[in-house]
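Notes to accompany the following structure.
Order of writing sets the chain letters: A, B, C and D. Residues in each chain are counted from 1.
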Amino acid sequence: MVTIDAKGVYYKELNEKVKEAISSGAEHIELINVNGQRYIGDGISASAKITIHGIPGNDMAAFMNGPTIEVFGNGQDAVGNTMNSGTIVIHGNAGDVTGYAMRGGEIFIKGNVGYRVGIHMKAYQDKVPVMVIGGKAGDFFAEYMAGGKIILLGLGCEGESVVGRYCATGLHGGTLYIRNNFEERYFGKEVQRDELTMEDKEFLKSYLTRFSDYFGYDKQEILGLDFIKFVPVGSRPYGNMYAKW
Amino acid sequence: MALSYAVPNFLIERDESRCIDCQVCVRQCANEVHKFDEDDEKIVSDTMKCVNCHRCVVLCPTKALTVREFPLEFKKNGHWKSDDIKSIYIQAETGGVLLAGMGNDKPYPIYWDKMLINASQVTNPSIDPLREPMEIKTFLGRKPASLEIENGKLKTKLPPQLELEVPVMFSAMSFGSISLNAHKSLARAAREVGTFFNTGEGGLHRDLADFGDNCIVQVASGRFGVHQEYLDAGSAIEIKIGQGAKPGIGGHLPGEKVGPEVSQTRMIPEGSDAISPAPHHDIYSIEDLRQLIYSLKEATNYKKPVFVKIAAVHNVAAIASGIARAGADVIAIDGFRGGTGAAPLRTRDSVGIPIEFALAAVDTRLRQEGIRNQVSLVIGGSIRNSSDIVKAVALGADAVYIGTAALMALGCHLCQKCYTGKCNWGIATQDPRLVKRLNPEIGARRAANLLKAWKHEIKELLGGMGINALESLRGNRLMLRGIDLTEKELEILGIKAAGE
Amino acid sequence: MKRVYAKEEYCIGCRLCEIYCILSHSEYKNDLIKAFKKSLQRPPARIQVEEEGALSFALQCRHCDEAYCVKSCITGAMQKDPETGVVFNEKERCVGCWTCIAACPYGAIIKDETSKKIASKCDLCGQNETPYCVQNCPNGALIFSEEPPYKTSVKGGE
Amino acid sequence: MAYVIIGNSAAAIGAVEGIRKVDRETPITLVSSEPYHTYSRPLISYYLAGKVEESLMVYRKKDFYEKNGVKAILGCRAEALDVEKKSVKLANGQKLPYEKLLIATGGKPFIPPIAGLDKKNVKTFIKLDDVKEIDALVSRGSKVIILGAGLIGLKAAEALAEIGAEVVVVELAEYILSSILDEDAAKIVQKHLENKGIKFELGTTIEKVLGDEEVRAVELKNGSTYTCDLTIVAIGVRPNLELVEGTPVTTEAGIVVNDSMETNIPGIYAAGDVTQGYDMTYGEKRVLPILPNAYKQGETAGINMAGGNAKWAEGFAFNSISFFGLPMTTAGIVNPREEGYQELEKCEPENNLYKKLVLKDGKLVGHISLNCIERSGILTSFIREKVDITNIAEKLLNENGLIVLEEELRHRKLVGGGAA
């Protein structure tokens, strides 16, 4: 394991060090005293693990292709932006546009997430991105979503809506699993409820088990939660909007 | 269904004395205009379906066909022109947003045609490019404020640059909006001439993986086909914020164009809509833009210039200043005549500003702020010929993007029906029967020929001005004079009136 | 020898090759309108476009080095010119028995029953220049070349 | 010295051309019992019908022998073969020594053992002289009995009907053209021929020939009796083995040859209708009396005689023939007699149309294309090239094109032609 002390290190230098460590074969890199440095893990194609202690800056793991990043702290905005594959585990909250346009990989967040999370997530063949959020999500959650799966647990949010306004507007692919409280009126007309299948249950079981393991929840309790499944009404939400000039 | 009030747009005239009933027109029209009538044993044509793409006219071996404006006239009305009336009929019938292809075709003033180029007479003699070297090579990218030279060698580390043999690149057109053979044609032509094509927001097809040295990869709001390999493949990355044909709105590739190849290249399921939202949802400010620029630079180890492309809108100068300060290496500005595969008609025709003004305003602003060297300026969205390019360079552009002109080189006849997916020229279509009509060998040759021809003309115009390097013309507005322009227009363009 | 080869990926199914083949073998070699409007009985085109969906190509006689049609011909009318390599049919001796049709591995010999029954086939337009079909293919889908456009692992026909 | 060829038809000419591919110099001596310049045997029916002049029947141009260095001894039978001395004795007493000999003596008509078939107006239909004799005997209204409804019999019937004779065809089999068609196709062709005035007596044969010097009538086994002016026997040909009888050259149904066309005696080759060569569709040696096969065998023999190296193991039956404008092509096994064949058929009697594909292990081994012969050579090539057509057989039944082929094979066809 390689440990890099990020205290007072400019992001560019820090990221160079991380890339150097990876290219010299490090399988596990620990970053300590991280304090707002951006772009950690961006564009890295490798299978290394990066552990972050502190608070990484925006666009962490953007375009990432393979690594596992575990953050002991909060994530900032645009975690996993357009990421292709890999795993991100955040022991805290994550900011706006988490998982924007991600096409593969997984993001586990213990706490809440900001606005526009999961926006434009997409899937292609065997690449199906998954996001598991322990807390609640802000406005525009899963907007324009085109593929992938998001589980929103809403833990500790009793009495308030776990999603904000304009949830899933323009959604035309993918699946949402959302637990209990939400304002029905917050949802866009492009989604509809659907029955959980055996496949869904298997999927939930597998990811909730990992969620519990990552964040130390009681597995039985988490697995016992009920979810409502949302799927797109169609894959062509705006197919009939136009007239030929 | 009730009666449609639509009237024909075009009239097809077949010269029976020339028609040999060979039925090439029947076979070539994807709109099924022509058909052989078994009873009458002759070819008949359905004018209602004709889009005036000229495919039949060009392929007819005896030149027996003509297509004309349908002569039907509405009652003369100074306010309600026929297009206004027809669009109301369509919308009353369908309730739909009017969708159009290619660029704004309204008769707005063409400022290129209101600027005239200078030439040397007696003083500062002109140069004959056939005899004397003429440098039009262009480098795009951030230039340092000063250069340090040590022992005759450049000491300053230059930021990444794109090297162009001609100051013309093929503008962003996605695989999906245009065909793979169109992409192949442009890629090969770019390689042959020494310039670049741009993937648009549609990914880079695997067949073109080898063309990275002549390719700019685009990252737009939908992030289609964007992954590490793609970013690594291109010579530069362009963040698309907007385009001239539809400033302020997103894009939408209908599911029927998402066949197996498009699906694989964009990495989305076959048949699903590819929706590019109006904004990038990670960019709501110049600061956010900076974040994406650097995120891409980090992901590609600062080896590639990052372009930011915007549409020419009212406050374009201030926006461009922000983009320069956000760390972009190149700003691409697309004027209000820029083309598109599909745009809402009203947006296409009434949003944005002419590129000539936008370019002049941006160049002026960046100079005033002392940051012109920090970015290169590429403009597009109306370039028709080499003199437009020379004028653009004199107004401050480093290079131009051509889209519509490039497609015309491939055969486009500007029928503006790209969005139907039935492009008879094999360009704006994914129908394999139509796509194969564009042989990339022929397409590449034609597109390359166009650039080669323009290259010669640019050299001749430069020589006429007594200038032997394009760099010396850049921003040299004294080489331009305006004609038929108001004081204000001259002021914005930063040029004197003809005769001054 | 130089042969006409089809590049199926660029054949657009317009059939101009067939039309120009007819022109080439009509009495009006330079006037399509006359060739089609004045000739009362047009002989069939000697190149044939096949089309199914997006796939199409035009094929005519391959002028085989070892030509089955020549060897099968019952009258000796079908011959291969030892100088040019062109396989040609001597109209006068052909009786239209169609044995060549039954023999040709490419289906490239065509029944011509416009006057006397004879077997009709590509003659490379006399071999003096680029054949009409190649000259007039609008999309480069026909080439006249020593080299075939496709590499195949197995030998084709003969 | 050197090359001696006995015969003057397709196999012999093929041999000349084969030899000349390898050896342009050494003289060739060609011996034929017929007095004619090489001519096309299948054209005799056209000659009889007046559709072709004798001068246009030449199989190769008049200068063929001269150009190819051939000494042609025409109108002289080769009577004996001395294998030991490597010499052929001719009817004129001349002895021709050879280094390499080709026996291409063809076939001779089979005459069934029916009493009276030796009468004056009983003819066969093989050679030019046959039709010249027939021509002298018939005119409009002549009554002709043809024994045998095979290719030769029916071509004779067509020609005679065209010159106005009344023709009755007698055939022992239950249907006509049984060597190249199946029963369904044969019914269509028979109907077509009957519409043109030809009468058929099937499943029977001649019981009794009536008349003294000449046949005046025939009585059939089924009890019918027909008066006639001429009888033509066309029930088949047998290899003409006279020259090798009593020599060590091995014969079975015909002269046995290997795929170089060499007999068991080194230096002696045989080709054409006289041989028993390999039939790839049956996978065994058979007599294959068809012209294209004769030519290929002759050419192969010629190349090998001259020291080249050629093999011919692609023989199989294939025919193209028309009767009164109704064309048909057939090839290979059209009537499988054993298990293990798959047969696909399209039968449209109202259009005189019939198509049949015979497959074994997914590969085409035979076809009948009646009135849909366009591009049927593609099918023939599939037999020859042993192409697996499992996936396209149904399509091929409706369309003979290359478009139905899968990419690899299609490209192979598109670039074909070169010998490589």
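Please note the rule applied: a contact is a pair of C-beta atoms (placed from the backbone, for glycine too) under 8 Å apart; a residue touches a chain by one contact, two chains touch by 3 or more.
For clarity, every value in this text was computed on a predicted model and none was experimentally measured.
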Looking at mean CA positions, which chain is nearest the middle of everything shown? C
Counting C-beta pairs in contact, does C-D beat B-C or the other way around? C-D
Measure off the straight-line distance from the CA centroid of chain C to the CA centroid of chain D, and report it in whole Å. 29
Euclidean distance of C-alpha centroids - chain B vs chain C, Å: 43
Rounded Å distance, chain A centre to chain B centre (Cα mean): 36
So, in whole Å, the Cα centroid of chain B is separated from that of chain D by 69
Could you draw the chains as nodes, link the ones that touch, and say if you get a line, ring, star, complete or other? line
Which of the chains touch, listed as pairs? A-B, B-C, C-D
Which residues of chain D touch chain C in their complex? 14, 40, 42-43, 46, 51-52, 56-61, 291-292, 295-296, 299, 318-322, 327, 329, 331, 373-378, 380-381, 384-385, 400-404, 408, 410-420
Which bits of chain B are touching chain A when the two form their complex? 87, 90-91, 93-100, 219, 221-223, 226-228, 231, 252, 254-255, 263, 267-269, 271-273, 275, 277, 281-282, 291-292, 294-296, 298-301, 344-345, 416-417, 419-420
Spell out the part of chain B that touches chain C in their complex, as residue ranges. 17-18, 20-24, 27-28, 59, 61-62, 431-433, 436-437, 439, 441-442
Chain B contact footprint on chain A (complex, rising order): 12, 15, 19, 38-39, 42-43, 45, 58-59, 62-63, 65, 77-78, 81-82, 84, 97, 100-101, 103, 116, 119-120, 122-124, 127, 140, 143-144, 146-147, 170, 172-173, 235-245
Touching residues on chain C, where the partner in the complex is chain B: 9-16, 19-20, 32-33, 36-37, 53-54, 136, 138-141
